[in-house]
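To keep things simple, chains are lettered A, B, C, D, E and F as they appear, and every chain counts its residues starting from 1.
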């Protein structure tokens, strides 16, 4: 069966404006390949640029949640949204960040009951409430998070990551975005 | 009852970095007040900057959907997500763009069956499918949109606006964002 | 686009039996126009008569909930049911009864988390439970209402208004009932 | 376990105003007992009177749906709403009207797929759409009903019965209304 | 209308392998007829044999829940799953086991709020959680069951019966399995 | 964090009755380890025996669906049910049977829209309808399956596998069954 990267035309590195080419090339150098999300969003360079900026503002922030915790939010909410690209790609990153080859499959398959630390459970519960039932999200959810020890700054972090991937999941569904083959195995094998 | 703008600290114009102060001031000048979303997101300037960039890339795009159609997507999906800030603020903009004082209440209250033109109905159906049921969004939704005459470029527009406001709705729910009083009446009165 | 009042034939004042003509004319005199629900239900005079009787028994009752509280129940449950006629028409009445130009949009858009007094929140929670999830409505809901200070008489009031507008919302959906243009602006402007 | 008729005080025949006493006594004479709904609603005579009027206007109407078809709508929608009183009491009436001792259990347990005639299926589908998913009820539902041969007058009948029992189901849930023991067996045995 | 036992071919007693013929004949002798589930599943003797073995292991177990409690789980979860065969057939068995002619209709119509003893309520709540929302089933559900006095052995019993009828309900839906006429009246009449 | 195999006591090979010990040992020999489901269900040997019999009757049947197609049904419905054990364990088997290292993650994450052959899509659609929405499963689902070329025998196969794993998923949720570590990597690497 045809395995297209996106329902829409994609942009290769050379098709991108110089600033985007440089940023995407830097990612590709680190991971060894160009993640398909950049080729798909590159079809609209202004949107790719805004996405990268938002991504960096939220995912690379120095304070607050750890990087593994941010990926935990991504995988949990993308699992709840049945978003294959985000589960497979960020599942790989979560395995690496958490140094745990099984965490991503467990979180993505059932974020509601997967066994986690109390802090991680509070993070995931807050994220799921905002991702899946935004209409009823409210003070009770914040109180539960605070009771588990999350600061207001960390609560915003959880919310911001959840919000960004509410967007990101929908871009992936819109484009039927295919995960790169490389992601499936990343972080599953012991490092030699 | 206390009527705070956001659950989190807010930034006034003077608290913002110069580039953001300038951009927000320009909006305030046009509308006569600073929309509360800028004060709330200003708590995290990097996220406000990324949001403004994404917003401009998607909502100010020259081609594709008309501006009224983009606001129609915002109001329909924000109604489905029960997002008070986005319904009230973008409802005002939709009334103005569509030159129709009743359209926003009708679309926000029931986006599923509100009487629209065939093209508008196709736009709203596509947006609702992606906003509310992303897991099952697929070829059938795109085929329906194409059958109603939407081009692939317009389909991406609908998807991109829907995705951005999936994020935006969740930021509003996270912060319990209060709409400015001014929005409630904008576009409801005949222009003198 | 054709803007019909109802999917079915409508009755004008002169088409109604004398007792109904008198009752509807009295309403029209107070509000300045004939609310469309009377023209639509007038197609079946026996049903219009029963509806008016039920409405008066529940909405005009002297004891129990205040009139503003009864309208709060109507707008909250009609919002949850996405009923455009009831949200727009009773939203107008709620604005007037509560002397608050913004309350209706806030309650109708998100009845689950709109900021209210503790008593109002208890009223709305009880109403939403019965309106939207009748199968699981039970002692827990009543206990919560009693804990917030509602008497059993007030609880019945909430239930009776909710039940009546479960009917009313469905008549509006059945007939695709169009709100009169006048309702959209009522109660939004300061009284001169 | 205590088997109360209602969560709220009930009215016996002698407690009712004369006009209601006469109407309820007439029903009791026909069925051999006072259906509990009248004792429970009798707590608020004005609401009982309005309910009886609405009931007669909708359920005793000479034209349109047959009496068995009206009861079919009641049992199907009350089954979908998990309303024990209405399923048990109107299940008894449906068995008698349809002269079929098994129809009520089959319709109430699974109104969605129970085997029916094409006309009955169209009636039940229309009723379920309006009862359970009012927000998305619209032209498609009416077109399906018309395609199955229902007239607009019959469609209104289905809608009116559905709307009345949306109210009635919620009154039963509000009061935790207990079905009279007699209903459970009515219409199950061959008439000697 | 044609009243077939199953969408698929059925097996009569004489069509079955000897071991199954003997087991089913023993049931038929006790109840006076061959329950249709055996004729329908007999189309695949290996599956009928496995089903009977699983059924006996779970429903005939000496320890743990009483037989009436096991049937309570069956009727509650089959009601929640709208499974007509299981509700009608096991409703009959529940009436007999619990010596209560009304319990089955009440439990099947609304398992969520039917008035039960505290122990029965805990059993039904646990069963419904696992039957209807397996993804979120977890420690909270077990804690509630333990708080109501259920032992871990009884909890497993509830879970095993629920799991078996998750299978059984789906076989009945797959085959459109028709309940035998005899079941409808069993256990409703006082024993003479 | 404690990583127990099951919420309940587990049985090791030596704890099992001889016939079960032999059957489980045979599986262990093939796979190199004892799958945890056998240790958990071994707590109730009669239920383990019945489960193995049902499993063999349905999953090892010579005719009808291919073995890869049966595993496709298991992974799709277990994904829809968020069942971690079944997704991880049968995902491994599906990768091996389908000779595709990525199929399981794609199917489990989003069974509704994963790109499949027309026949596989029909199988998965039928399975999801029965697994997730049994109440509305009916002739339309069977017609769709037949239109895609499935025979009635294959349709029963899809239904039987779906029903068995409706049971199996719930046993896994009941016991909080932990997948063996070995499953996570099986079938992901090219065979040397």
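The criterion applied here is as follows: a residue touches a chain if its C-beta (ideal position, glycine included) is under 8 Å from a C-beta of that chain, and two chains touch if they have at least 3 such contacts.
Note that the coordinates shown come from a computational prediction; the quantities given were computed from them, not determined experimentally.
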Task: Going by C-alpha centroids, which chain is farthest from chain B? Tell me that one.
output: E
Query: For the two copies chain D and chain F, what is the rotation angle that overlays their Cα atoms, in steps of 5 degrees?
result: 120
Task: Call it same or different for chain D and chain E: same when shared residue numbers make up over half of all numbers used at their interface.
output: same
- request: Could you tell me the distance, in whole angstrom, between the mean C-alpha positions of chain A and chain F?
  value: 28
Query: Cα centroid separation between chain E and chain F, in whole Å?
result: 23
- prompt: Which residues belonging to chain B are in contact with no fewer than two other chains?
  reply: 82-83, 110, 112-113, 135, 137-138, 173, 176
Field: Full enumeration of touching chain pairs
entry: A-B, A-C, A-E, A-F, B-C, B-D, B-F, C-D, C-E, D-E, D-F, E-F
Query: Okay, in this complex, where on chain A does chain F touch?
result: 1, 3, 79, 82-84, 87-88, 101-102, 105-106, 108-110, 112-117, 173, 176, 179, 181, 184-185, 188-189
- request: Using the touch definition up top, name the residues of chain F that touch chain E in the complex.
  value: 7-8, 43-44, 46-47, 49-51, 53-54, 56-58, 61, 81-83, 130-131, 134-135, 137-138, 142, 152, 156, 159-160, 162-164, 166-171, 173-176
Query: Which bits of chain C are touching chain E when the two form their complex?
result: 135-139
- line: Listed in rising order, the residues of chain D that touch chain F in the complex are 110, 112-113
